[in-house]
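Chain nomenclature is as follows: A, B, C and D, assigned in order of appearance, with residue numbering initiated at 1 for each chain independently.
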Amino acid sequence: MPNKITKKLKRFACLIAVTAFTASSAYADGVKVGFIGSLSSDAGLSALRGAQIAIDELNAAGGFNGEPIEYVKADTREDVTEGIKAYEYLAESEEVDFILSGSIDDVSLGWLPRMKEFRIPTLDTWTSYIGIIDMVIEDYEGMKTYFMNVASDEALATLYVDFGRDILAKKMGWDSVVILHEDTAFGGAINGLVSELLAPESGIEVLDTIVYDTATVDFSPIFNRAVDTGADFIYLISSVNSQVVSSQYTKLQVPKAMTGVNVAALGQEYWEDTGGEGGGISTLSPVPSVGFALDPASQEFVNTYTAKYGDSRPRFPHFNGFNAYWGIKQAFAAAKDAGGFDPDAWPQEMLKQDIKLEKDGEIWLRYGFWQPGEVEERTGRTYPHNIKFDITPPYDNGAPSMVVIQWYENGETAVIYPPKYATGEFAVPSWVK
Amino acid sequence: MTNPTKKYLLLWAIFIAVMLLLPEFVSKGTLRTIIFANFLAIFAISWDVLSGRTGYISFGHPFLIGIGAYTSAILSYRFDMPIELSIPLAVLTTTIGGTLFFLPALRLKGSYFALVTLAFMELMYQLVQVIRPDLTGGTRGMSGIETITRGAVNNYYLSFALMVTIAISMWLLMRTRFGSALSAIGMNEESVRGSGLSTTKLKLAAFMTSAFIAGLGGAFYVHYLGSIAPRALFDINFLFTIIVSALIGGAATIIGPMFGALFLTILLEALRPILPGVERYLIYGSIALIVYMFKPQGLVVLVLDTLDKLRSIISSRS
Amino acid sequence: MLQILIQGLLLSGLYALIAVGFTLIFSVGRVLNLAYGAYLVIGGYVYFYFAQSLGLPKPLVMAMAVVCGCLVGVLKYRLIVKPLKGNHVAVEISTLILAVVIQAGIVLLFKDSPKILHPIVSGVWRVGGATITFNILTAAVSSWLIFGGLYLFVRKTHTGRAMEAVSMDTKGAVISGIRPDRINLITWGYIWRLGCNCRGIFCELYPAFPGYVGCAVNHCGCGGYRGWYRFDLGYLAGGPYYWIHGNYFNLFDRR
Amino acid sequence: MSVLEINQLSAFYGKARALNDISIKLDKGEIMAVIGANGAGKSTLLDSIVGLTRTTGDIRFEGQLLNECSAADIVNSGVGYATERFNLFPYMSVYDNLMVGAYTARDDVEQNLELVYDLFPRLKERETQETGTQSGGERQMVSLGRALMSSPKLLLIDEPTIGLAPKVCLDMAAALRDLNQSTSLTILITEQNVNFAMSLAQNLHVLETGMIRMSGTPEELKANPDLNKAYFGSS
């Protein structure tokens, strides 16, 4: 008998010790948030600063469980190996509880195995690679701490097809296109989606597809080949050094309209980087982007941002700055409900987060997540842990996955599609007749 | 066995013992850093066997490491081959494939050789993206490659065992006539040829040894990282750390590249909390430049010189 | 095809000029200057910052780029190349380290997004199916002029001949009363100037981008292969090579 | 005053001593020859005079101490040197090679060029040929010509007859004698070809393993049985 009692006592003591230990490691020294991403790119800095503002606000409101939230950053230099080292540093040297990522695709893919190993709740604000969502579907248990707070790249193709049908085909009367895409996984994926859907859905025929190397500096042969196809317009897919291709489009005064995906043109700095020689193009953009009318809550975030960081680039947050800001808010709300950043409990609560930002009484932006198993009707597939996007008019069920923005020749910008968010008109450059 | 050899063996034993006990004393984060240092040391030793000894500077080592890493990654990730099989195959591919590529280059001298090997790295970068992206994963690479073991401590022991095995084997190999012949090539190739040895055969053997280690290191490296992408390997910064590790530690030695790798890796990590941004690389590069300018023979020589000086000061006093 | 031919013809001189810079250092000092790419890049950023951000007149900025290029080249020779004299491997490695340091410095100052440089002369000219910008024409003409000037300099002046002499036979040069040190110094200074010059002309094509620090080395090296020793039209072989390299992967159908 | 005065000169390659305690004196207008077998230190001696080796002892040129001067300074002060392997610039034309020689004497280019072309008319005919494609004799001429382009007061020639046909040797001797007489140029040559040296020089030194064994006029040396044994076979 006494033996049994001692055993029970021992077990109880262990339990207390374990609880005390976990409690101490999780709360006693406050919560630590790690940032992983490039500290020299505009997008990386946007995410870093967006999160910083959110953390400042949370701390001003008393922190988390009465303790101030700590924020540490680790630079990836957009280098895959450095990304892995950075993740390890955050996880094992800094022992952070939550990681906010402003990494690009291959860097995120680099540290994902580490995330699975350490099981640290992680929120990506920039990487939009659908392959990662596929990994979540295939290995839910291993990947469930991962969330992607930006619409995956499959969603944008769909929006583009609608834009093609409504504006390019119906309004401009164009029925043929030549696709120009960079030789990257991103370029290939978007091209696959767009060219499959364009003809059947919008009635625009793809006459030719030209693939170019990302190191290309002289685009004149490529543009000439594109013009020679006789297509009505050029559809560009570029995520690497996109300033180069669009500025050459302007310099060479290519006599065809060009639209598509141009990642560089998503930020205000595009104009400065191209020295004003990048007008006349339009691009698909995640929201909120340049030229995007903001709801009051996001506007307030921007005001804080420009007051704090307005004199160093990026002077205006890129889309992932917003994603990081709201993402941090959500992550902590989830942590509050889950009692911390437990790798099993936190994802459950994170999935329940849903911030609906309204403008003039309409749903304008939404930060929520697709649930596991929830099927998006238009594409007929699931997007677990991806931001809840809405690609079907009237866009009242989520954030628009993307919008199309226009850079005018005078450097002004506007959203031109979808109509709900439009602030300007689609335009072709002056040298196109 | 001669006395100096006994002394060195003792030093090796002490070194191994210290390193084996290390996980008891340092944090997991530090162990992670040392794991990278271990892999870097392997690459630097591989580079040194060829370039440090013979004076034929190779700028193409990422190419060799890349072959090893990609072969094993593709075999295990795409074809579900067990690691026990994919790693030896990768090493074999690197040794044979690398030799086939480099063979013509070995006929070139000095800087020409350097230049051609640099071109190999660029070539590989392009090829990986263009040829069969369904296998290589193209620009995004592959993620979720099988890892050999998990956790900082296990991986530390694994990488250290690999590194120290390679280091000791190379140490023994370099003490043979083969090793001295290689160093002789570095000093004066003409005279080696004059003494009736085939320098081409020697260089080829050095290259194959180098490629073997690079392939082995590359294959284990990719199964440690768990992911691979062309930008992580075929990059001037990666090349920079390999070469600078070997040289800053001390070329044509075994301890040199090991020490250099540890120095560079720890320097970079130590700067992280103070300078999280790109300033870190500026300082890190500048320190490497200054150290290298100050002592091109390497840090090991610097330490030994200082010890000698101290010893002479002490002995002159007593 | 017409476009490719015209473009190749126009740009050969420019690419050759870049190759010359790299090669001169190699043949005179027997050193692979792995930081050469950095020269090109720095020239671009000087142009971007002074001409585009501050709005100074372009000719003035070109002159500034040349002067500061010379200065940096001489400094580099004095601080790095000369102290390591006699050890070619050491010089090569330190230029490699320097390239990495410069790259980090540029990213620190300008962040990592490419900067598009304005053409010196704007406008386009369409011939048949080909498009030629006036700026490329200007660049072609000025690169040929510089190339010609360089040719005359090396062939017709004592200093130029001395540069060539040192590259072919250092002892022969020494017993002719030439100081290889001084010639080296002049060459390094000259190369920086040339590098920055090329960059100025080149702005039409290459944006200023830190990543080019590394890849330019590759290009220059291979481009200048033909003309190691002699300053003759062999250098021009670098032109087409270089151009093909830049477009190689686009000449084939990449689908 | 002597043009060149060497006192107790020793030269070193690393720790190895290549010259041992050499003392030589050359007067203005004199032709002197240093003869010796391969490896005796002949080239080292000439290299030392223009400051290309590490030395101890004194070398005075026109009374000025040369030891601390750089090679370029020495050449500039009036020492011309035609080396054994010529050290020409193979991808340059004959003319350009000569012009490099004129690097330190830019004002005398025309006059020196005329002198060289008079001495070796063949060079004028081959003015535009690259020296890398020339015969040994022609290259020797270019090498001498290049040294003359620097307006030297003292000309050092390392083995002028090496690899030359006997006929060309005679021409060379004639040319050098001619040069010496017309411009009263002081010349120091090294030779293995004892006959050639004796036909040309007023004074000779015999160098063996870095040391001077014998010295004297051609007549004196011819009378010396040791030399005869070493250089003319038996007799």
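Methods note: a contact is a pair of C-beta atoms (placed from the backbone, for glycine too) under 8 Å apart; a residue touches a chain by one contact, two chains touch by 3 or more.
Quantities reported herein were computed from a predicted structural model and do not represent experimental measurements.
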Set of chains whose contacts include both subunit C and subunit A: B
Chain located farthest away, centre of subunit B as origin (C-alpha): D
Whole-Å separation of chain centres (CA-atom averages), subunit A against subunit D: 78
Geometric centre distance via CA averages, subunit C-subunit B, whole Å: 32
Separation of subunit C from subunit D, taking each centre as the mean of its C-alpha atoms, in whole Å: 42
Centroid distance [mean C-alpha coordinates] between subunit D and subunit B, Å: 52
Multi-chain contact residues (two or more partners), subunit A: 40, 183
Residues of subunit C whose C-beta touches two or more other chains: 107-108, 215, 249, 254
Residues of subunit B touching at least two other chains: 130, 235, 237, 277-278, 281
Pairwise touch network: line, ring, star, complete, or other: other
Chain-to-chain touches, reported pairwise for every pair that qualifies: A-B, A-C, B-C, C-D
Subunit C - residues contacting subunit A, complex: 3-4, 7, 11, 48, 52-53, 107-108, 111-119, 122, 124, 129-133, 135, 204-207, 209, 215, 246-250, 253-255
In the complex with subunit C, residue positions of subunit B that touch it: 55, 57, 110-111, 114-115, 118-119, 122, 126, 130, 235-237, 239-240, 243-244, 247, 277-279, 281-282, 285-286, 288-289, 292-293, 296
Parts of subunit D lying in touch with subunit C, wherever the complex brings them together: 50, 52, 70-72, 75-76, 81, 83, 86-92, 96, 99-104, 106, 146-147, 150
Subunit D-facing residues of subunit C, complex: 155, 158, 161-162, 164-165, 168-169, 171-179, 229-230
Interface residues, subunit A side, partner subunit B - complex: 39-40, 73-75, 77, 79-81, 84-85, 88-89, 92-94, 105-106, 109-114, 116-117, 129, 131, 135, 183-186, 188
